[in-house]
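Got some structures for you, see below.
There are two complexes below, and they share chain A, which is joined by chain B in the first and by chain C in the second.
After this line comes the complex of A and B, so read on.
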């Protein structure tokens, strides 16, 4: 245990010795009075660093100093410690007055304007700057040189197979097909018709990658992560050498080649064959763009053919035809006319056979193009909707239907607007019409070949629709065109013909070819007689009578006989002509003369003048008469029978 | 589209409207016409709220089942001028919104309804006119489809009407087609013969409106005329031979 010790702390009260007297007494300097200490403290104030509080203290001290000033005024220079303070304050006051004056003058802006000072340059030495700049530039140059070196190496190695070709090929690909980049860096493309309006479910996406080169190891290493060309070149660090061309990967179900085969068959024989082949259409850009264009086009073709066939098969099952359509596997059979069938089949071969035989490129039938166009029309209708006027009207009805109200369309017109035809119906109608047209052409051509006497000239309209064509038939006799011609127009529709004669008669014929043949033969018949009547007028012979439908003689299988009775200008001769239409045109000509040679007056008929009543008709051997045609022969006959009595 | 003429059929005394309709229908069927559905022409009138200074205007809204997608409307300002409009069926909804300006006079809703017959190139409609379930009369509509100008086919229509109806039809054109004086583009007055114009569906509707207006106003007058014409008609019937009437 320790007791606390008291410690006293005292200041050294020793004052500074001012003087030591001779007797040893020390004269201490008196300790500074309060005012002296205050003055000392005030002298220590640095006026350049005072804060506001210090300024306030200074005011107080300045006030205290003024009191002291009166005391020590006599000691001016060194004994007045407040003098320094006073001077400093005075200077400060002067400065502040000047500052306030300057500010007020500057605020006026009439005599003084404040401008910012330009900063003085660094007072660093210029040489240091030069060195620093030189170093920076050399670093930049280093970077550029290394990049150029790399480019030059890559360029000089293999000119035809470097990274930039991939980009050029990608550019070409992008010009022709829709591509996009997905999140993991792969490039996916779309070759379906979806943006063109198709609603087919099968997707048509393909993938684009860099082409691998089996010979090059680096290429093999690159192909693993070579989906993004930009990343590969920067990530790998080594130069990718062999990856130049593109490679496209199409889905498995779209690989290969497909086409739609359309055949019209009669009782198991082929009548005409048509094959849809969308390849070979359009300009050949294979040389420019490489193999991928062809493979993508084939895949797109396969997709289109599949969609077309699926649509046709669906319609074949839904439609109700008099003879039902049959769908077996990849074939659709529809009946056009009795015994005539239309077979549509989808042929898809997955093996790439570049030596495919010629039939693919040979036939370019209208039906294939029609099928193609019909499906594209469906696509178009799906994507283009007619815009309603006004804009608040419902979207959907066609423009014709929207105008039906204000134009007071009647019920038949409205019913017609609602009728639509499916693709299968349309193609069947077109095939039927093609068949009818071929048949009509055949009938007319064989008739024109067989019947030489009046010539049958048929002019087919150059413009026609897929389901209707028109042909104008002129029946003229050579050399006698001015005398007369018989014209008729035949409208060839899908399953029937409509024939309009010059005199306004309209006849509807069915698809049997025999009916048309019979009609033309009847027309020839009436042509001969009507031309004969005109010819007789020219020859000054009188037409006593003519008839188009004689009901005499044997019943004919075809039409009726027509006849004509002519009298010579002197009335001394009469010609009777009868034309029949047995399978061949059969002409019979008879002549009578008056006065009759064999008249002898008898008790019943005594007068002589009865001999003028005309004699019997005698048949002429018409085939032996000179003349190129019927009219020619008749002209010669009439000429020879005309007697030249005045 | 063809030329349509309306002919009111005078009701003979003592016979009901439905009896006459059956009678005429049987006549047409025996002539060889085919029954082809029903038809309906109706008319609704809206009157504008009366304000002083302007006469009340009427808007007639008509429908014709022959033109199912359209609504016809005719504005009649009091001075006799008519403005006609053919619009889409949505026009009816527009009229519903106009109830502040136009009030509908439901009691004058009038319609002509009946059977429709097709006879070669003719379409004949036998309509019984009713206003609020009250029978007003019989209105026959005959349309000759191939022609579009009345002056070319008036005689044939007249002969057809006289033939199967058995009444005499006046030689003059119906009142709708009378010659009017109009101002032409030069500002001069000119006689305009309506029978030479190309016929439009609006003309059918205007004829219906004319007859409906007659039915609304002169009901009694029509009744007396009907009795007078009926007696004349009954005298005429036996004298016309070979018409195949029952």
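After this line comes the complex of A and C, so read on.
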């Protein structure tokens, strides 16, 4: 039993809607009648296509083109459905008639003859292709061979001549210097500091050429060896051994060697000398790269020195100093301190003189480096401007000026922002400071040498600025460091000193060395007394009084004597100490005993107890007392005067 | 010596062509994937090769005030640098000058540094917040030209400092600008020549804001 279901297959039989009436009824297009469908199919026959595959292809494209064709067909339908078929059949009939006419005429052989076509086969024979390719490849091979030949020649030439190639030299030159090629083929280089921020007017352009013509000239000039250019280098022992394939031509004003000499002079004698010279800075690549590196470096050095000197000279004329600066020729004289002058001169020697004396041994590296650094700082400030933050702020103003608005800076603050110190002012300040520092060191050293009793120990700060240094001075007595120490700090500035004592006193001294000397002597003075006071306490002696400024004796230029009065534990002895420091430390010690030995009762003063009022003070020959130092002597003195209580 | 008032000084500066009050601008954009190439190019073309490109991280807030006489509100932009101690900058940008011959966009521009209370001050005056965004990127300079390559980051309101804020798009906006006084003629030419050197990485051109549509 098969459970089969009857399925009926029918077409949708839906016709296209032609029109929808306003009341919703749809008017269908009546389905095409048989004759209409036949006419449609016949119209689609293309009599020009014969094979089945073409027909199938046509079907697909026809389905796409049907929509376009529908419009066309709509117009043609009005004519006649079979019109297209009729036309195609008529054309086919015409062609068949023509064909039969031609065949009948050709068969007659009177007016038309049919000849078979010669089989020409392939248009291009493979052999022709092979020939053409062979010719092209041989041409390419020719080009490559000629190039290889040139390279081989150059290589062998290079090995035989032992001179490095122009191009390799040019590459090395380009790695170190800025070069560019100009329109007429010459190579121009720039050795100025313009890209680093310099605004100097002198141009630093040099030209690079091949050295063959130069070597040939030298070879021709030497009558002995005119043949090989390589041997000309071995002729003169003066010339550098490695001659290179390229030559640099520097402008005439930059040739030679230049340096800036900085001398501090005191009444016609040199105190310290410095030479500013850029040679010896940076890695030395001269050996590897040849002669031109040295000449370019020298030329750049000359340019730098000229710029530095021009800047200094300009500033020297513009600045208003209490003693005006003098600019004569290539020398600038500025006064640092009375009787002390700073002389900056530009020394430019155009002839390469091997007998030139070596730089003077008293070389002040600090001034040399400072001048170099100062000009580089100017260059840096010219090129590196601070970036605006936030990003929409204007380019240009410095950070301080950007803050000037919101922080309500007044006119004076704004004007202060524009003031900068020139290079000359800075170098003068540095030179003054160097001088002050040397002088202070000298004073302290001579005092330390001369005064042996309390020892003067000075510690200079390792870190300091170009215009300020600090020194800490400790005054101690050897063996009694634990008892007392006087310390003070001295700030050495450009033209003055500032001294800060332990007790908080701040004193400003001028550049005269005598003032410092006097100060130290006074400090020694007070050191002795204060140590004595502490020592007395250790020895159980009572300090009756002490004073830093007694105000007795003749008027001294250097303050007054300081003194101390001590009493023994038993109160039977008294010691009075007086220390003056004009011109050397002068110590006077007096002792007294109580009760007095020389009391005799008299009718006026009958009672015995009046002998307890202290006796006269007798001076002690202090220099004869045993002891290494003042405190040592005082200790012995006090020890000897301390009596055991009975 | 009579010290001129601030208003007199300002008019003197403008009349003597000393105060920079015109901004010349060219803008373009570049995808994130290609921005490294642009940075290398700019590093080579611009000043100060030795210092690496300067980064910036700014928050810009645009405030607007309705004016009774004109339909256009007055726009003021306040920009501050995040993560750095710098004063706020307030900027006024005028309408761009319609001049087809100029290669760049030209509009009047006034910059001013101000204290931190500027936003409160403006809101007290009646300004309302129009929009805000964070711009983060790099800054270069060549002569008087300033080139910024920045990424714009959307701000979730209330969370300006949140690092997880996402960028608006996968590209960087490149701007070339010069602020100069009136009367300088060759600024546009200079900028155009520089922009030529950055092609085809980024096409810097003047954007016609009117054509951009109905942006406020």
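We adopt the following convention: the second predicted complex is superposed on the first by the 427 of 646 C-alpha atoms of A that agree within 3 Å, B and C clash if a C-alpha of one lies under 4 Å from a C-alpha of the other, contacts with A are read in each partner's own complex, and residues count from 1 in each chain.
In this text, contacts are C-beta pairs under 8 Å (C-beta built on N, C-alpha and C of every residue); 3 or more make two chains touch, one makes a residue touch a chain.
Here the structure is a predicted model, which means the values were calculated and not measured.
In the superposition on chain A, no contact is made by A:329 with either chain B or chain C. Touch criterion met: A:387 reaches chain C, while chain B stays clear of it. Once the two complexes are laid over each other on the shared chain, residue contacts for A:557 go to neither chain B nor chain C. Touch criterion met: A:409 reaches chain B, while chain C stays clear of it. Of the two partners chain B and chain C, it is C that touches the larger number of chain A residues. Counting contacts by the rule stated earlier, residues 402, 405-406, 411 of chain A appear in both its interface with chain B and its interface with chain C. By the touch criterion given at the top, residues 3, 20, 47-48, 51, 54, 56, 58, 60, 77, 79-81, 84, 86-89, 91, 111-115, 135, 139, 141, 144, 146, 148, 150, 179 of chain C touch chain A in their complex. Residues 1, 66-72, 86-90, 200-202 of chain B touch chain A in their complex. Those residues of chain A that touch chain C in the complex are listed here as 383-385, 387-396, 402-403, 405-406, 411. Of all residues in chain A, those touching chain B in their complex are 401-402, 404-411, 414.
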